[in-house]
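Inspection log for the structure reproduced underneath, given as structure tokens.
Naming follows writing order (A, B, C, D, E and F), and every chain is counted from residue 1.
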Amino acid sequence: MNIKGNYVTLRAVEEEDLELLREMINDPEIEKMVGGYSFPVSKVQQKGWFESISDNKNDIRLIIETKEDGAIGFANIVNIDWKNRSAFHGIKIANKNFRRKGIGTDAVMAVMKYAFEELHLNRLDSSIIDYNEPSKKLYCKCGWKVEGIRREAIFKGNQYHDELVVGILKEEYEELIRKNNYWKR
Amino acid sequence: MNIKGNYVTLRAVEEEDLELLREMINDPEIEKMVGGYSFPVSKVQQKGWFESISDNKNDIRLIIETKEDGAIGFANIVNIDWKNRSAFHGIKIANKNFRRKGIGTDAVMAVMKYAFEELHLNRLDSSIIDYNEPSKKLYCKCGWKVEGIRREAIFKGNQYHDELVVGILKEEYEELIRKNNYWKR
Amino acid sequence: MNIKGNYVTLRAVEEEDLELLREMINDPEIEKMVGGYSFPVSKVQQKGWFESISDNKNDIRLIIETKEDGAIGFANIVNIDWKNRSAFHGIKIANKNFRRKGIGTDAVMAVMKYAFEELHLNRLDSSIIDYNEPSKKLYCKCGWKVEGIRREAIFKGNQYHDELVVGILKEEYEELIRKNNYWKR
Amino acid sequence: MNIKGNYVTLRAVEEEDLELLREMINDPEIEKMVGGYSFPVSKVQQKGWFESISDNKNDIRLIIETKEDGAIGFANIVNIDWKNRSAFHGIKIANKNFRRKGIGTDAVMAVMKYAFEELHLNRLDSSIIDYNEPSKKLYCKCGWKVEGIRREAIFKGNQYHDELVVGILKEEYEELIRKNNYWKR
Amino acid sequence: MNIKGNYVTLRAVEEEDLELLREMINDPEIEKMVGGYSFPVSKVQQKGWFESISDNKNDIRLIIETKEDGAIGFANIVNIDWKNRSAFHGIKIANKNFRRKGIGTDAVMAVMKYAFEELHLNRLDSSIIDYNEPSKKLYCKCGWKVEGIRREAIFKGNQYHDELVVGILKEEYEELIRKNNYWKR
Amino acid sequence: MNIKGNYVTLRAVEEEDLELLREMINDPEIEKMVGGYSFPVSKVQQKGWFESISDNKNDIRLIIETKEDGAIGFANIVNIDWKNRSAFHGIKIANKNFRRKGIGTDAVMAVMKYAFEELHLNRLDSSIIDYNEPSKKLYCKCGWKVEGIRREAIFKGNQYHDELVVGILKEEYEELIRKNNYWKR
């Protein structure tokens, strides 16, 4: 089923979304802020990725969509470890304007709601490159904890950067929504 | 052959029906009421499912259709166990308006007629999540019995729910139509 | 080569004929009268059947066609046993109106002409569900003999039905056309 | 599970049995008495047949075995039609001596017990070439009825022979064992 | 890792175990007591099954082994539903003598310990044919509850039998071992 | 090339080593101390793993070997991230006796020497389950730093455990061997 936040809907990736995903990957400003990495990506390569993801029970890739603006970003819940009940989560918003409007928060909240309340996970993992202040704020606001620092784990812009290990437990998510009443606003 | 109820026709799934099926799977309200479960489903994944079902002698997937409204839902007779002469049956109606007009009853009656009078089965199984009162009423009205309760069998909406084990025998179906004259109305 | 009757032509099945075949299979009235059986059939499944029949030396599938009305039915000569020189034959006419105009007779006569005079067979087999009076008349008129009754061989409409074993030998066909001059009318 | 008669056990075919099966097929005396037919069969072809039968839910091939003599024959239950609840059955005993000792009767009784009491079938079919008196006696003794005669259906020894259509219903089997107490001897 | 009970070890199935498994499946006495069903199984078919099970993350098949007697039975944890945290469990002991010595209890206890304490499941399902009194006693002793009765669900020995739906929750297992101190004996 | 420590040699995995690896995976005591997880593993599954690892440029699997005792353990350098110049490393020693004799230290030192001096990596990652004191000591002695704690990341023995995130940089390794002269002893 689709995943509903207060503002966004998270839905499966369609072929029509590939260009948006490709633009985000090929945009140096966006790639600077995330841990991942790729060579410049062609349409053919992006389509190949799309075909490779369709039959997978341990990785969910999602388009972030709003009513007004349609597809504006990407979120995932991957490497689901069903026995330990954990998974890795990441997010990317295509356009700077959207990044400041609570869209990111709503997407992360929706991911957590789905991961903890439907997938029945106990823990979500993520990682943040040390100079990405907006992401630190976003995840902090959403109740995540910094659990460690993998020193010099990422090489970007001609130097090594530390990578923050961040995580949240189901009980912390539940405490958060009890306090901020997020789903009852 | 197609399966005729008093109002509905049950027919094979066509490629044109995939969008309807996908909308039902992605609709959180509908998914809340059924036992199954899926990640958000893309068009490509829905098509992949369609291609995977075409060559199968133990599973029947059907579109529920009415003259006035065309395709409005989905029913199946799956896991046919030819030796024990039983199968599992489920149903989904896309639109709330249709759910109250006897469409569901007619679809279940038509499924039973086909399963018992043509497929020559002796028993149909289904399961109902404990809070799904409309389904309980529907199957009760169609002569099914609650045979058990699988405790905490389904996790949805952040808690475990019991699942009702329901079933009907051919002789019970025959008793029902003798009494209510369903096929002679 | 195409097979010519007095009125009909029997020709190979083309992709354009699939919808006619599918309608006949999905029509409960027609399926009631024949021994075979299928789940509701989708376009994709019908196409799959079509692709599966193309390379076959022991089974002939034919469309019955008239000048005025085009494709109106289906006939086959299958399970050809070259050593014993026998085969199984069946026929279906799509539309009730055609079933009473000598079209069926002409198609069966054409099938026999081809089977005995070209394929060099000695015997044709068929089977008829016991309540199918039109078929009994049709095959009787075409010189076939009832050779046996397979008791309770077919389950349809919630009960077992006997199945007539019918057959005709080449010499009987030759006797028939000598008497009724069928091909010289 | 293996199938137990009063004297014989019917079990799955093993690679070690192939030579026995090949000898029966290649033995003109045995082949004269059965309806089937094959070119002379090599070891490689017999092995190819063996490999082709292993993954099949509608055909059972069985070795007839006794404690004293090991593998002595072959029986099958094939073309299982689960919806109509019928199947075709055949039997072959390798050695003349065994054919007169009630082994054949016991094997047919065990096949019927399994087909009717475990597989839940309603009808078994078989066919007998018209001059095979021992088979006629065997199946008659086991309660089967001659239901028809397919004239000139088999060509063997330079002439056509009629083929008896024989069958038995579950209720007839049950009547038989009530009367002759076969399983309580 | 291997799973240790107080007496038994549960370990992966090896090629050397196939003959034991095949004997159990082909033994009518054992098959009478379990819900499953198979045609007589050959060595080649058993090997085919073995090859088909090797790469599977949702089904565990285990050999029950004791120090004194080696491999004596089979247990499984299959259809693992990671999201709902449930699975189906079954057990078979080859030899009657072993069935009365607490071996069955120890194997079920070890399965539960692994399923609840390592796989992190919340619920185990099983089913018992209604006349299998030893299994009812065994599972009752191990804390399982009868949750329902699927009427006429199994056809064996020429009649329908009811099938008990049984289950146990993690908390019930924990309560049991607290009371009977099973792992501290 | 093989990798030489002061006492151990690290070499490629051979088919002869599979039984050692399988014993370690199936040994509950060893599995309790490592983060990973597996169902009981059969010989065939172990062989399947072996065949799957042979053609891989980003994962190195190694057998730890001593002159006196031959193969005694397993080490790996996996998920090599060539751009960020990091990789994940793990180690297992089969026998308790070996675990206290500096064998572990020598293996980790050899892994680092190879990873930093030959593979040209900048960073190695590992993880340690919180109660594994011997591993903490081992890696500490080898210059690794605890960089974080992934809370409740591992479920074993019926509870969640924290997982230590540990790492070492090339410069730290170089500092270490300058001080302790490890390679000049």
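As a convention for this text, a residue touches a chain if its C-beta (ideal position, glycine included) is under 8 Å from a C-beta of that chain, and two chains touch if they have at least 3 such contacts.
Owing to the predicted nature of the structure, the values given are computational and were not obtained by experimental measurement.
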Set of chains whose contacts include both chain B and chain A: E
Intersection of the contact lists for chain B and chain E: A, D
Rotation in the CA alignment of chain E with chain F, degrees, nearest 5: 60
Option reproducing the contacts of A-B, where over half of them reappear, out of C-D, D-E or B-E: D-E
Separation of mean Cα positions, chain C and chain A [Å, integer]: 62
Intercentroid distance (Cα basis), chain E paired with chain C, Å: 52
Chain B-chain C separation of Cα centroids, rounded to whole Å: 36
In chain D, residues with contacts to at least two other chains: 83-85, 118, 120
Chain contact graph, described as a line, ring, star, complete graph or other shape: other
Each pair of chains that touches, named by its two labels: A-B, A-E, A-F, B-C, B-D, B-E, C-D, D-E, E-F
Touching residues (chain side chain A, partner chain F) in the complex: 37, 83-86, 122-123, 125, 145, 147-155, 160, 165, 167, 169
List of chain B residues in touch with chain C within their complex: 1-4, 10-15, 50-51, 54-55, 57, 60, 62, 116-118, 120
Contact set on chain E toward chain D in their complex: 25-28, 30-31, 38-45, 48, 155-158
Residues of chain A touching chain E in the complex: 82-85, 118-120
